[in-house]
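What follows is a pair of complexes built around subunit A, which joins subunit B in one and subunit C in the other.
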Partner chain A sequence: MWLAVSPGLLAQFTLAGLMMGVLYALMALGITFIYGVMKTINWAMGEFYMIGSFVQYLIVSHLLGPDLWWLALPATAASVFVLGMLVQRLLLRPMFVGGVERRDEYATVITIALLLLLRSLAAVINGPYQHTPGSHLPDVTLGPLSVPGAEVAAAVVGVLVLGLFFLLLHRTWPGLALRAAAQNRIGVQTAGVDLLRLDMVAFGIGVSLAAVAGGLLAPVYLVYPTNGAVATTKGFEIIVIGGLGSIWGALVGGLLLGLAEALGSALIAPAYQNAYGFLLLILLLLIRPIGLFGERARVV
Partner chain B sequence: MSGAHLAIRELSAGYQPGIDVVREVTLDLPPGRVTAVVGPNGAGKSTLLKTVFGFLRPRAGQVTLDGRPIHSLGPHRIKGLGVGYVPQGLNLFPQLTVEENLRMGGWTLRRDGRRLRARLDQVYDLFPALRQHRRRPAHELSGGQARMLATAREVVPEPRLLLVDEPTAGLSPALSGQVYEFLATVRRALGTSLLLVDQQIQEALEIADHVVLMDLGRVRAQGPRAEMHLARVRALIQRCLEGVDG
Partner chain C sequence: MRRQHLALAVVALAGAAAIPWGMDDYALGVVTIGFYYAVLAASWNLLAGYTGQFSLAQQGFAALGAYATGLSIRDLGVPIWLGILLAAAVSCGMGLALGLLTLRLRAIYLAITTWGFAETVHITLTAGYQVTRGELGLSVPTLLGNLDPLSYYYVFLGLLAVSLAVLYLVCHSRIGQFLRAIRDDELRAASLGIDTTRWKLFVFALSSLLTGLAGACYAHYVAVIGPDMADFSELAKIVVMVVIGGMGTFAGPVLGALLVQLLTSYLGQFGAWDNVLFALVVIVLMRTYREGLVALGRRLWRRLMAWMHPRVEVAARG
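Entry: the complex of A and B
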């Protein structure tokens, strides 16, 4: 079972794992961000990943062409951001007005229904076909390593998007309000923030992170109606590894999952790639059940 | 900046349909005055504040601020009119720094950076201990410092009316005294009107100009502090607890 791996190949797998980890982190970040602000777990996150991959595919294939894939990405993010805000406004917001008891649980159940709805709709509209927007990016040589250009581009843009996200959170007023809302929802209202609108923006940002991951991975994996299922699973794996509600947990968890899968594939067997993440998760649950960056309720 | 005139007319509100916790309450808060609302547990005091701030929609009645109806507005709009609300417990953002907490307090001033900076400087002058901790997360503050920050946060936008709910609940006598010092400082510095609810009757009465006694959602008695002195208020509350009407 164990493979003899050269140091060069090991480095290549490590790099590939880290690159994939960045994209996993985007997905997990969206989940943890929405949960942090709204206290609602969005089980339909993978479907927004799927929609992102479809939008990217449609724009690249029918409008811009593979060379201008980077121009399609902001359009993908923006369209899914608007869609997310609409979904939040029409389906989730009614739970947050009028003093609905156990509204977080109800909202979570609605996201499960939304998952089924979006996946079924995509299957009906798209049929059993699989697509790829294609990529003209050449392989990138890093020392002894050769990495597919689309993967490198996805990882680099993923890092940029993460940077933008952190800038938004730490350098803008909406970012300050979003961080504050994650800690004290009554507090932001007494400060004068329109919490219902903030929830809408948070949901839009969260799902657009998933859409960006879907758009970036569209040329790497195929685009089809159920391609979000694996992304959802990995997103939640990362949340458990990193700690629910922790931004840093999502980042580090994403990188660790990417590494675990890549190194497991290199050192043991690539056939069990998806199992290595679960092994990591089980190990972590035994050692630190609240996740790497999870915290018990912290009060002043 | 001067205090605001709050008028409450025949206000009824509750959490469940058909069950009013606040019943036909009528009150007048003149500008710049401190009104203390006292009464036994379950009197509807906190619910009254939540309704005035827009957390709860009234079932009937009116609330006006300087003549403008506010009873159908949400909390963010009421805040924008110069009303602050200090709920029970510490209303802070524990992982934000002291400065970030204060900036959140100035949310309604966010489009006027110069004014916000000036307000922050004034608040640091008012509560100097916060200046040296400005880069520390709020959860690292001592109990007294945290209370100071919670009060200071509400002061940033220069509220014309401050609704304060049980500011000393669960605090030691020393901390309770500090909290009332903070409130007195705010009133002196800004001329803010205060609508104050507290179980610590003695301390509430010391700062109040006007005292309102509530029981079972209704106003049972009210008057200036000279009339509603400590002994009388205690006697009235005792009568409420014994179920004696009037």
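Entry: the complex of A and C
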């Protein structure tokens, strides 16, 4: 069975896995980033991925055409950023100012309800149809391998967005405030930062990372109301693999997961592609329960 | 057992046993499914509400139970009762295994890992279609050989009553105190000599046993089961039920399950919009009143008592 796969094919699977890993990392980064600042898990992350893919599809197919997909992407990210800020303002801010006692419980239920709301709303509006914005990008040949252009473009732009995110975080004042908030929420307030507004921005950035992943993958996978479910699964698996709150963990975890899935599909069976990540996760948990880059919480 | 609780339980059981005479078959079916969800919600509450183990795998165990009995009857030819017992055993064993795996995990890691487990059950049931028939659904023989809604109503009422009795005994014993101690401060509980590992595993095993049992009975009631049983939306429903009823209270999950079940069946008339409306109701409830039905009931009860015995109220204040 191992020898049934030629080295060339194996290389192709590895490459495909790494490229997918970049986009998984975007999802995971969004989750980990929101958690880092707000200490809240957003279970509806995949729904923002879904919205991102729909917005991208609508702009590309009705406004700009497949050649200008790169122009549609910032518009997608911006609109989901605004939506995310709105959602945070209306639903999650009460966690911090509304006297909510059990914050984790509240956040979990409200984001799960949000997941249900967005997913079923999309199902009602869209119906059972599946769309694709299409792509005019030619296949790219890398040595003996040929890879669909949209996939390569997604991976390349994914890397660019990751770079942009790092620049924002490490070279700007808001980035500094966000990193400070991730370290100490009270400390950043005493330094005069409007934490409530910062939370909105952080949530907006986090969900727009998911939307970018959705928009980039729109031509690769189909666009439909439940396409966020798989994306969420990947995102959360990476979080456990890499360690919650760790940005490097999200990156390395994303690449590892993409690789594990691609090689699992190539060597064992493709139908279980989505289960290999979980196997990787279990193996890792047995060795290191806080993930690769997670920090051991201090128990007082 | 406190006398008031016993009296309340008898009244509730008698009421539930008498209710079917006023209902048509459709309503009976709705409440029967409500009982099924009540078992799931109550056993999840044992994990999350009483012990603080925010596991998100309950729907996976229900599906495991359902498929365990369905597959063992189809492939091994065992009788139905043995199939159900096997289902309970399989779920219990898997629950124990998951508990062992996640023993060292805290809060959000536990949630994500258990959720990943349930997703994997979902994926495996879908992808392993040579065995499970995947999305086509697996046919399972009905429990009583007929489709009489009234008898299934009593079967599920009995299942719920037994599950609740077991949970009551656990929660109102020393074990229940251990569990709450673990929830409130695991380290301190351990330092007081509570074997936290043992009781956490116990809770995982018990809650997945009850859930697997309920899943198996459900399979023998609906006759065709699919991988959707392990879908995340099932868990969302369970969580919403428990939180609406009151997390960490004994009656909350049951009340929440029945209320949510009635609400969703009422919303069913809006066709595709039902889930949208349901999610909106949950969001509005969470934003406005989030302590749960049980807390609301207690407050009303106190108000009523104060109104009936004004002097007692004054004395209590003094």
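Here, the second predicted complex is superposed on the first by the 290 of 300 C-alpha atoms of A that agree within 3 Å, B and C clash if a C-alpha of one lies under 4 Å from a C-alpha of the other, contacts with A are read in each partner's own complex, and residues count from 1 in each chain.
Here, a residue touches a chain if its C-beta (ideal position, glycine included) is under 8 Å from a C-beta of that chain, and two chains touch if they have at least 3 such contacts.
Because the structure is predicted, anything quoted here is derived from the model rather than measured.
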item: Three-chain arrangement built on subunit A, subunit B and subunit C clash or fit; value: fit
item: First, second, both or neither for A:210, with subunit B first and subunit C second; value: neither
item: Subunit B versus subunit C as contact partner of A:35, first or second or both or neither; value: second
item: Arrangement angle, subunit B at one end, subunit C at the other, subunit A at the vertex (C-alpha, nearest 10°); value: 90
item: Which superposed partner A:20 touches (first subunit B, second subunit C, both, neither); value: neither
item: Partner chain(s) touched by A:155 [first = subunit B, second = subunit C, both, neither]; value: neither
item: Subunit A: partner with more touched residues, subunit B or subunit C; value: C
item: First (subunit B), second (subunit C), both or neither touched by A:187; value: first
item: Which of subunit B and subunit C A:278 touches, first, second, both or neither; value: second
item: Partner chain in contact with A:115 - subunit B first, subunit C second, else both or neither; value: second
item: Which of subunit B and subunit C A:123 touches, first, second, both or neither; value: second
item: Overlay on chain A, subunit C to subunit B nearest C-alpha distance, Å; value: 15
item: Footprint overlap on subunit A, where subunit B in one structure and subunit C in the other make contact; value: 299
item: Subunit B partner contacts - residues on subunit A that touch it in the complex; value: 99, 173, 176-177, 179-180, 183-184, 186-195, 298-300
item: Subunit A residues touching subunit C - in the complex, by the definition given at the top; value: 35, 41, 91, 94, 100, 102, 104-106, 108-110, 112-117, 119-121, 123-124, 229, 233, 236-237, 239-240, 244, 271-272, 274-275, 277-278, 281-282, 285-286, 289-291, 297, 299
item: Contacting residues of subunit B [partner subunit A, same complex]; value: 15, 53, 55, 74-76, 79-80, 84-87, 90-96, 100, 103-105, 107-108, 110, 138-139, 141, 146, 153-154, 157
item: Residue ranges of subunit C touching subunit A (in the complex, touch as defined); value: 54, 101-102, 104-109, 111-113, 115-117, 119-120, 123-124, 127-128, 187, 232-233, 236, 239-240, 243, 247, 272-273, 275-276, 278-280, 282-283, 286-287, 290
